[in-house]
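Presented sequentially are two complexes of chain A, the first with chain B as partner and the second with chain C.
Moving on to the complex of A and B:
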């Protein structure tokens, strides 16, 4: 779309097109068999159909890593960027084209290591972008080096005798940043929960941060093995102000009512415990948004007509 | 001891034998094996260094800067995007006069994501105050890594050891690994001239006003100048111990030659083979390999190219809007010669992003450069698809 068109964008267009799953399939995924990123892609394509995203107004921005191949596999606009810099790129996209729906796909290295500074600031800016942290607890693409989220003691090629420090917890960290507005955790091996979480994140107005626990059968197979087999070590955070996923009630009986408006309780729940908590930890749509505060004033009808005439004049013979 | 090892491990061995004390790094293809091997050596206790697993390359170089400022022998390695991210700290190391050694495995820069070899990443760091040494074989990689520490600590400048992605980094060759005792004789523990020391307090990084800044830069230039001669001395010493040396510039079969190829890195090995064949046919053609890019070995190159009519520079790198970087540097190094002693310089840009440079490609360049009356040009792109 040319810059000229963007000036004339009216937002709501008459559109009778219907997009099905097929319309969202981009390139053939090149992830390993059993890679959790595949489930995330499937959930996202389902969401795109359910919400009838429009391909030309949907953008996926990523960094570098296995997970950052995501934009290639979603048939929408994609920006496969620079390791660690997905969030500032997405900021640029969203601020200059606020009408676009912007998703960000990052790995744990991308988000919590090399790009950590941007993560912190993006939470505070609270720009209306949905970020997916596909956390396999390792640098996957470069073949098994410890990341900040690698569990203590887990051996890798850069920590052959095991990671020295306790893992950084992205949920704790995000909840600690001023102006956080949507903080959720889900697991790609619980597709119903993953889908419901992505959906809630998409609908949230402001910066939505979703940490997706992701299996990497290649390098960190052991980490989530038990959690996959034993739903009892997973605790679902449920609430009518947050998420309920009734179809999981029979399998995931370990549930806790948590009102996501309660930040103190969210922080308490994010502290390390022997269960893995999935759900919306915190949500508050009233928090200030940089994209709104800094938005250019709406164009008046006269301005729009003038711009349209200018645009048409360019084609005059 | 002789071992068959990949170029990345030749770096690791060099660093281990040099008894580096602090290693800070972030992984990136194709450098990763260097630091993985070093982290293993540290974990097993073979190498008594502190291995710092940092969160980015910018932090890796920052950690090396901090460590080096305390007097420690510091090392890191990177490639491409990682090296680019270090850029700000590279200046710090250079102008801070910190003798850090790093390995750069040449890899093309994105976008146009590409993991294969291309020298533009290291050459783009030309003006950061680092000595740069390019390597042709895994043996040269190991020897250069050890010599780099010696040179760095003599002139208080950081040194970048540069090797080609995959052609060296991931290719196994037999490498002679010198004994530790011998390396210890060559490279004693670092004795920093300036360091952060509670008994002798100094601080780094103060504001320098216009009336002193230029002098700081002059000292840097002076140290670079000094490094040219010092490198010869370091090589001579190393050669007396192990019998190997490379030269800042090496001439190969240039006696009586009319035409010379100028190369760096692994293209040199292919070019040697091509030169041998042309020599067998009685053609007067030779090769000059540039190992040292910073400081630029102007005098050695003038000598090596004396009497040559035409020079074909093979650049696996390029500066957009100009052309091959070695060619441009060489042209300016020779420009001050009297016109009759100045060869015509033909700059060929080739092999970018790891595109293969085969003997046939080099034959094509030779055919081109000796065409009668062909004007010298800086921007001859080889094999670009229409």
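Moving on to the complex of A and C:
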């Protein structure tokens, strides 16, 4: 047993291990055939190999939902928690172990409904965590109830005559929160864009929020059908300060130069329009980061005992 | 100055102005003092300083706060009474005692409110600010006159003190200074060491300027001078020699320091009375130990952050009170399921719902033990004294780590604000949790490798090579993998549950105070009521009644040997500060009676007919009340 060894593992120094795709294969995915979550998993595994993540220092945290099964399928440390509460858990992980690489997988119900408070506050905390919102516009796991992002008029089991209200736009919402530092939208059916976006999000220092438009052939098959078939209704946001995905230039000709440092423009672009915009809306690495602000030097037990004795003396009778 | 010593006498009525004459010194083995003001006038600072200095001088002391429910209640109203009540004694004090012997009040309305609830002893001495008698507002003059007339019907000795007038000779705004003047009065009456008082003032105002300190000292001196020139009595409560190093603090300070001494490095919380001040004390000092107090967006997030931190590193804790505990239930279930160590502090207040935010109650016991849907075995501990508030945190953390289990610590508003001296803890290295294990996980070891007998297993922490696994709140097997195997549901449930039985085997039966061999009546308590119960038992035994008591510090698992202890007594009865039906009330029968929460637990686990006596008056129990309860409940012919 490993108990008793209190030396910190310093494997990184002489680590000559190379991790390939196989090293990142966790349990066999149990999503429906054609489920967009699978594309996200593939992109993440590619990224893990490309960036040579170290499995034992990588943590995937999720809530509950189809999308929240994600950690089971990555061979890292995984925390499949409770519905809506992945972000507080990730906050705790990162506050206690800043050296770990932390990803969060959430569904639209998870993030924008039950977990909305945590979402809003995580944006403000701006902790160095990469969050993936797999937005299939529906509650998948519980079988087709409306979510906040369900399009108005779309029929679900809880709104059989169509969802009552306009959908909540997670990008608009995120851009509206003080201290947002990385806000991007991508689509799982455009793998090159998905990969490039995840990569940028991973490299961003701070809270990276990526909304991934995700097909759910089971319940919301119609929603992205047109967008998948017609790249022309998709507009790519490109910029040398943000993303360029040259291999998409031929297919996705509808492109707009947008400097992600421009928050006002980002907010305008996030407003509802006829096109689906993919790209980095906003990025600013200079925003204050709670995890850095709260970072503290570790104390040895001897130091703590000395401090505690001083402290107790202040209460001495 | 001390010339006459009259043993154990009440302070007899005499002329208030005795300039020239030597004061009569009354020697008492204990005395209870109360300082009352409108909220914001600082009576609490005065009371705390008096209690602390008394403790430092070697008196046993117990201080409780008198707290209005609002931050700024209207001035001069009975509802606004704010202050402190300090019981000092020649011996150790374990509870707030009975009625108050000496009162300092800043207005007659707060005084009246306490008089009306019977807070004062029949022969109490009352020092009251008299500016209201000649106030320019006629309504105030009338209110004063009527209140004083009402008080005159009691047998108190009322002494009018021109506090405002006096303070104005030193400061411009007397409202901000009366508390130190009052401290001066008390310092003289009780012959407190003025050097210690000054030190305490310096500590209280350490974050303020030197001018503030000087002004407060001037007011203190003024109070001492006024008292020495105008009062004809002094009170001497001889200090017991303290054989060992002592510290003095309140229960929330003790919880905070204990949390640090346990080695935990993250506390996540959301403000809620009466738990919040734990995080205030922590916030002051935790960072120097490398510790973080995270004020989360709500209680759910707070426990989530604590669980995340525990999961990835060292056991962490979250601090709350009843309503917050309710919000944390789902995460507590998760912590049980994924077997992550966690300490949850619940400083109980009156419930249900928002209830009585500042008042004491012990109504969260069943919520703590059973409050989560699904079977959620966890450990529940309750400190009984301020000292235990410190040590319980270390015990809780160690159990949480060793058993991979959430541990709930049930304190309450009485301990939270009660101030008591206790033997100085001597920090030991083993109290502090070691750094997270980062060694490679040996081949073949599984993340939930339950020992089939004990349910215990070794957890893997991110960073440990070869230990990658998923924790999930879904039913899982030894590998942490989702399982649809029915036998595994049964087995893993048994493994999580078994740990409590293993822990119980390591515990001692509770100590019986009185007659361990048995007798007529056994009182059983838990949490902050211990001092009052034991004092009452001692007194009743002095009267010849065959009564004993025992006190439980573990509520889940319960300590062993209870059935055997109970079997030696004719009657067993819990004493608790929570609600139970009066058996004589309409509709109430033996079967439908809702009982005290501990008695419910004890009946279920021992099959002994454990009765209960409980009250929800929003105040700690009084020993004298309990003596009456004992007299009424000792079975017929029960004299020893």
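Methods note: the second predicted complex is superposed on the first by the 285 of 317 C-alpha atoms of A that agree within 3 Å, B and C clash if a C-alpha of one lies under 4 Å from a C-alpha of the other, contacts with A are read in each partner's own complex, and residues count from 1 in each chain.
Following the convention adopted for this analysis, contacts are C-beta pairs under 8 Å (C-beta built on N, C-alpha and C of every residue); 3 or more make two chains touch, one makes a residue touch a chain.
Treat the numbers as computed from the prediction; the structure is a model and nothing was measured.
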Problem set entry | chain A: partner with more touched residues, chain B or chain C | C
Exercise. Who does A:89 touch here: chain B (first), chain C (second), both, or neither?
Worked result: second
For this session: Check the residue A:315 against both partner chains and state whether it touches chain B (first), chain C (second), both, or neither.
Result: second
For this session: State whether A:80 touches chain B only (first), chain C only (second), both chains, or neither.
Result: both
Exercise. Once the shared chain is lined up, is A:46 touching chain B (first), chain C (second), both, or neither of them?
Worked result: neither
For this session: Using the superposition on chain A described above, determine whether A:148 touches chain B (first), chain C (second), both, or neither.
Result: first
For this session: Identify the partner contact of A:297: answer first if only chain B is touched, second if only chain C is, both if each is, neither if none is.
Result: second
Exercise. For chain A, which residues belong to both interfaces, chain B and chain C?
Worked result: 64, 80, 82
Problem set entry | Complex contact set, residues of chain B against chain A | 26-29, 32, 35-36, 39-40, 43-44, 51, 53, 55-56, 81, 110, 113
Problem set entry | For the chain A and chain C complex, residues of the former touching the latter | 1-3, 5-9, 11, 26-27, 55-57, 59, 61, 64, 71-72, 75-82, 85, 87-97, 99-100, 117-118, 120-121, 294, 296-299, 301-302, 304-305, 307-309, 311-312, 314-317
Seminar exercise, completed: Within the complex, chain A is touched by chain C residues 55-56, 58, 203, 242, 245-249, 253, 257, 260-261, 263, 265-266, 268, 285, 287-292, 294, 296-298, 300-314, 316, 330-331, 334, 338, 421, 424-425, 427-429, 432, 434-442, 445, 458, 462-474, 481-482
Exercise. Once bound in the complex, which stretches of chain A touch chain B?
Worked result: 64, 80, 82-84, 113-114, 116, 139, 141-143, 145-146, 148, 157-161
